[in-house]
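Next up, some structures in C-alpha cells.
Below, chain A partners chain B and then partners chain C, in two separate complexes.
The block that comes next holds the complex of A and B.
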C-alpha cells in the first residue's frame, strides 16, 4: 500500500465513481424522491401527513395490506414445509443427482410472473385441465375451486416460492453432518432427541432467515397476481402500481405513502428476522 | 451390515417419492402449457385430440414477437455488459485495496431487497419522465433500473470469485514478479474470475429476460419486451400465448444448461487454490 502513489489512488477512485453515480441515480435518489412525495399533498406541494392518514384509514388500502401480509405468511409457511421435506430428501442422494435437482430448482425460480399465471390458468382456471381430471376422479371440491380468489392466488405464490425455499434451505440441511448423528446415537440419543437437542437448534437460525426472505419476496411481488387478476385482486403492490400507472388517474403522493408503508413492513420483517437470528444463536450454539 | 443396507434402500424409497412428487408439482404447469401449445384445439377435453405446430409457426412469423424477443435480448445484454464493466473493477478495488468501503457497498447492494421494483418505480417515473434526463419510456430507463435489480447477484458472485482465488495474494505475487497493477489485474485476476463472472451474467440475463414490473410501469407499450408481449397475447390468443411461454421456457432451459457447464469448467492453468494452500 505504501508504494501506491496518488495517481494510482486516483485510478482506483475512478473505478468507484461510475458505480457510485449509478447507485445514486437509479436507487438512492428515486427512493428519496418517493419518501419526499409521500409527505406532499395531492398537488405535489407542502408538507402533510394526509397521504398516510388516507392510506391507513381507507378500508380498500387496509384490506390490501391485510391481504398482502396474509398471502405472504401463508405461502411462505407452505413453501417452507415443502422445502424442509424436499431439501432433507435431496441430501440423501448422490452428488450427481443432488446437483441436478438443485439446478432444476434454480431453473424453476425463473418460472414466475406472467408465464406462471398463464400456465396456472390452463391448469386450474375455468375448465382447467387438472380440475377436470380431479372432478372425473370424484374430487367434488375441484368443481368449486376458484383460481382468481385468495386461495387461488396463494397457490401461485406457493409455487414460485417453493424452488427458492429449496435453494435456501438445502445448504442449511447440508450443514448437519451424518457423523453427528452417529456420534449422538453412540452416546445413546434417540432420533427425536438428536433433532430436539442438536438438529433443530443448529438449523433454526438459517430457517428463520430463509422464512423472512420468503416473506419479503412475497410482499414485494406484483407480476404474478397482476397477470392473473389485473387490478381486481386487492394487494398492496397492485394498489401502488395502479395509483402511479395510467389505469386510473394517477396519484403519486398517495402511491408513495403506500410504498413507504410497504417498505416499512418489509424492513420490519427483515429486522425481526435479524433479532430472532441473534436470539437463536445465543440459545442454540 | 446387510440390515443397514436394507434400511437405507427402504429409506431411499421415501426420498425418491418426495422428489418425484416435487417434480410432478413443478412440471405440471409447464406440461399443461406445452400440451396447449401443441393442440389444434383444447376446450373441455381431458387431453387434446389433434396436434399441430401451427401456433409456433404463427409466433415465429410474427414480426411483433421477433421484435419483442430482440428488445428483451438487447436490454438484457446491454445491462449485463455495462454492469460487468462497472462492477468488476469497483468490487476488485474495494476488496483488495479499500476494505473499509465494503460495508457501504453491502448496504447499497441490500437496498433492492427492502425496496422492490413497484416501490422504486414511483421515484424513477417521477424523476425521469420530465426535466433534464427525460428517458422514461425508452430502453435507457430500463437499463438503469435493471442494473440495480441485478446488483445483489453480480456483487455476490464477483465477490465470491475474488475470494476463492485469493485475489489479494495473487496481486502481491504478480507484483513481486514485476507486473504492474493493471497488467496483473488484466492478465492474472480477470482470467481466473471469468467462470464465476459468466455464471452471474447468465443468471442476470435470465432475470432481466423474465422481468415484468419495471417493463410494465416504466416503458409499457413504447418498448414492448417479451414479457409485455406475452401479457398482451394472454388476453387475445390463448394458444399463441402458450407457444410463447414454451419458447421462453426452452430459453431458460438452455441458459441453465450453460450455467451448469460453466460451473464445472475451470481454466487450464487453474492454480490459484494451490498457491493459496501453499501460502497458508
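The block that comes next holds the complex of A and C.
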C-alpha cells in the first residue's frame, strides 16, 4: 500500500513539472538575469554599482521615480474614494442591476493602454470633441485643460484604476452585516458613528489590501502614458522602456538597475501595506 | 395599566399582508413570548417595535409614550438577534460598553457598569476576548449584556437560542429568565419552539399568518387550545371533526364542529369484557387497532385506528403497558371533558 501511495504522489509531482519549468523559464531566470545585469558595467562586464549610482543620482531618473510614485498614489487615492461610494451603492441595488454594473466595471477594467489613450485624445485632446463642446457651451476652463500634462495623465490613470477598485472594494462591503447596523442604531449610534466605530475598522484591512494593489498596478503601468505622451512624460517605466528599446543609446544594464529599483519600490509598498494590515487587525479576529 | 400597548398594527410587504391588525398589551416586568411557525410575522412585529421596519398602520406605545414614528436610536429598546450580531472589531468589554459610549459617558463611569454586567452574565476574566474567540453561548450572553446595559424600557429577543445546541439552549434559557426577573425587565421573546415558549413565558401569544390566534399563560395555552392551529402547533393534539368523533360512539351536545383531544388524556385497556372499569357516561369507550408504536423516551406513542379514523395516544413508558403490541385490537377510553371544542378562525 505504502508503495502505491508513494508512486501515486510521484505521479502527482510529475504533473507539477510543466508549471515549474514555466515559472523557472519565464519568471525566475529573467529576474535573475536582470539582477545580474544591473550589477554590470555598460559593456556587460565585471561587477559594479555604477548603474545604481547613475540611476539614483541623475536628476532625470530621480524625477521619473518621483513622478511614478506621485501619480500612483494620487490616482490610487482618487480611484479608492470614488470606488468606496460606487461600490457601496452597487451593494444596495437588486441583483440584476448589480450584475450588469459589475459587468460594465469588469469591461472597463480591461479598457486601458493604447485604446484608452486614443479615446481620451479624441475627447479631451487639443481639439478634443468634449472640450470643444464645453467651450461652445461657455465653460471657459475647458480651454485651458491640457491632456498631455501631469493632470491629464493622472486623469487617465484614475479612469482605468477606478473600475478595478470598484471590483475589488465591492465584495468587501458584503463583510458588513445589516444586524451590526441595526444593533448599533438600537444602542444609540448614528449612521456616522456606526461607520466610525464599526464599519470602517471592519473594512480597513480589505481596503488597505486593495489600495496596495492599485499602487502596484499604477507603478507598473506603461502603455497608457506612453501612447498619450510618448517618452516626453517622465515615468520610471517609460525610462526603462527607453533604455532597453531606445534606438539611439540602448543601455540594458542601467535599464535593469532602474527595473530593480522599481521592484524595490513595489515591494516596499507591499511591506508598508502588510504592516498597516497588521496594525488594523491588531484588535480584531 | 399596561406598559407596552400595540394597537391595530398591520404591515404589508408590497401587496402581501404580513401583520393583520394585531393588538396586544404587556404589563411592566412581564415576560411574553410570540410563538408561531416560520414566516408568521413574529420578527416583523418585533422589528417594528424596535423601529427597524415601519408599519403600514397602527400604533405602538411604551409607558404612555407613542413610539410609532421614533427612530430606533431614540426608542430605548434593547434587542438580541439570533445571529448574536456582536461587533467583531470590539472585545467583550467594548461591545458591552458600546451603548454607554454612544451616550458620551466617561470611561470611569461606564467601566463600573460594564463590570457589573460582565459579572451578571458570568463572563468575568473574558473582557479582553474578541467575539470570534467565544463560543456561541458566550457570544449570546455578551449580546444580552450589551442590550441590557442601557437599562432599556423593553428587551426584545428574536430567537436568541436557535443557533445554539440543545444543552446550552436550556441553560441559557433559564439564565435569561433569571436575569429578566432580577432586573424586572419587560421582555418580548420570539421563538418557533413550543417547549421553549411554554417553559420561559409569563404569557404566550400564538401567531399564525399575521394573526394572534390565542393568548394566555403556558398552562392554559397547553391544556385549552382554542383553534385547530394552536392545538396542532402546541401539542400533538388529535383534531377530529364532530362527525368523526360521533363514529367512535360519542354522543356530544356541543355547537362546535371541531374537537381537540390531548393524546395523553386517552387510556388504553385490553379487549376483554372486564378490561376496564371506566364510567361510560363520562368516557367514550371504543375499540381500536394499534397501527404503530414509537418510543419517545419516557413516553410511548401509539397510532391507533378507530373505524378508519386515526387517533394518537401517549402513555407513560412503564412496564404495565408493555403488553400492547402492533396489530392488536384494544379498547380506548376518551374522557368527554377532554374533548375541547375548537373555534374556526374567521
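Definition applied: the second predicted complex is superposed on the first by the 273 of 285 C-alpha atoms of A that agree within 3 Å, B and C clash if a C-alpha of one lies under 4 Å from a C-alpha of the other, contacts with A are read in each partner's own complex, and residues count from 1 in each chain.
Criterion: a contact is a pair of C-beta atoms (placed from the backbone, for glycine too) under 8 Å apart; a residue touches a chain by one contact, two chains touch by 3 or more.
On a predicted model such as this, the values are computed, not experimentally measured, just so you know.
Enquirer: Regarding the shared-chain residue A:202, is it in contact with chain B (first), chain C (second), both, or neither?
Expert: second
Enquirer: Tell me which partner A:141 touches in the superposition: chain B (first), chain C (second), both or neither.
Expert: Neither partner.
Enquirer: Now for A:45: first (chain B), second (chain C), both, or neither, which partner does it touch?
Expert: Neither chain B nor chain C is touched by A:45.
Enquirer: Touch check for A:60: first (chain B), second (chain C), both, or neither?
Expert: Touch status of A:60: no partner.
Enquirer: Which of the two partners, first being chain B and second being chain C, lies in contact with A:127: first, second, both, or neither?
Expert: first
Enquirer: So which one touches more of the residues on chain A, chain B or chain C?
Expert: Touching more residues of chain A than the other partner does is B.
Enquirer: Which residues, counting only chain B, touch chain A once they are in their complex?
Expert: It is residues 11-12, 14-16, 18-19, 22-23, 25-26, 28-30, 32-33, 35-36, 42-44, 46-47, 86-87, 89-90, 92-94, 97-98, 101, 108, 111-127, 144-145, 147-148, 151, 181, 206-207, 210, 212-213, 216-217, 220, 227, 230-231, 234, 238, 241-242, 245, 248-249, 252-253, 256, 259-260 of chain B that touch chain A.
Enquirer: Which residues of chain A touch chain C in the complex?
Expert: Touching chain C from chain A are residues 177, 179-180, 182-190, 193, 197-198, 201-202, 283-285.
Enquirer: Which positions of chain C touch chain A when the two form their complex?
Expert: Touch residues, chain C against chain A: 50-52, 71-73, 75, 77-79, 81, 83, 85, 87-91, 98-99, 102-103, 130, 132, 143, 146-147, 150.
Enquirer: Using the touch definition up top, name the residues of chain A that touch chain B in the complex.
Expert: 1, 4, 8, 12, 15-16, 18-19, 22-23, 25-34, 37, 82, 85-86, 88-90, 92-93, 99, 101, 103-104, 106-108, 110-123, 127, 129-130, 132-133, 136, 159, 162-163, 213, 216, 219-223, 226-227, 237, 240-241, 244-245, 252, 255-256, 259, 262-263, 266-267, 270
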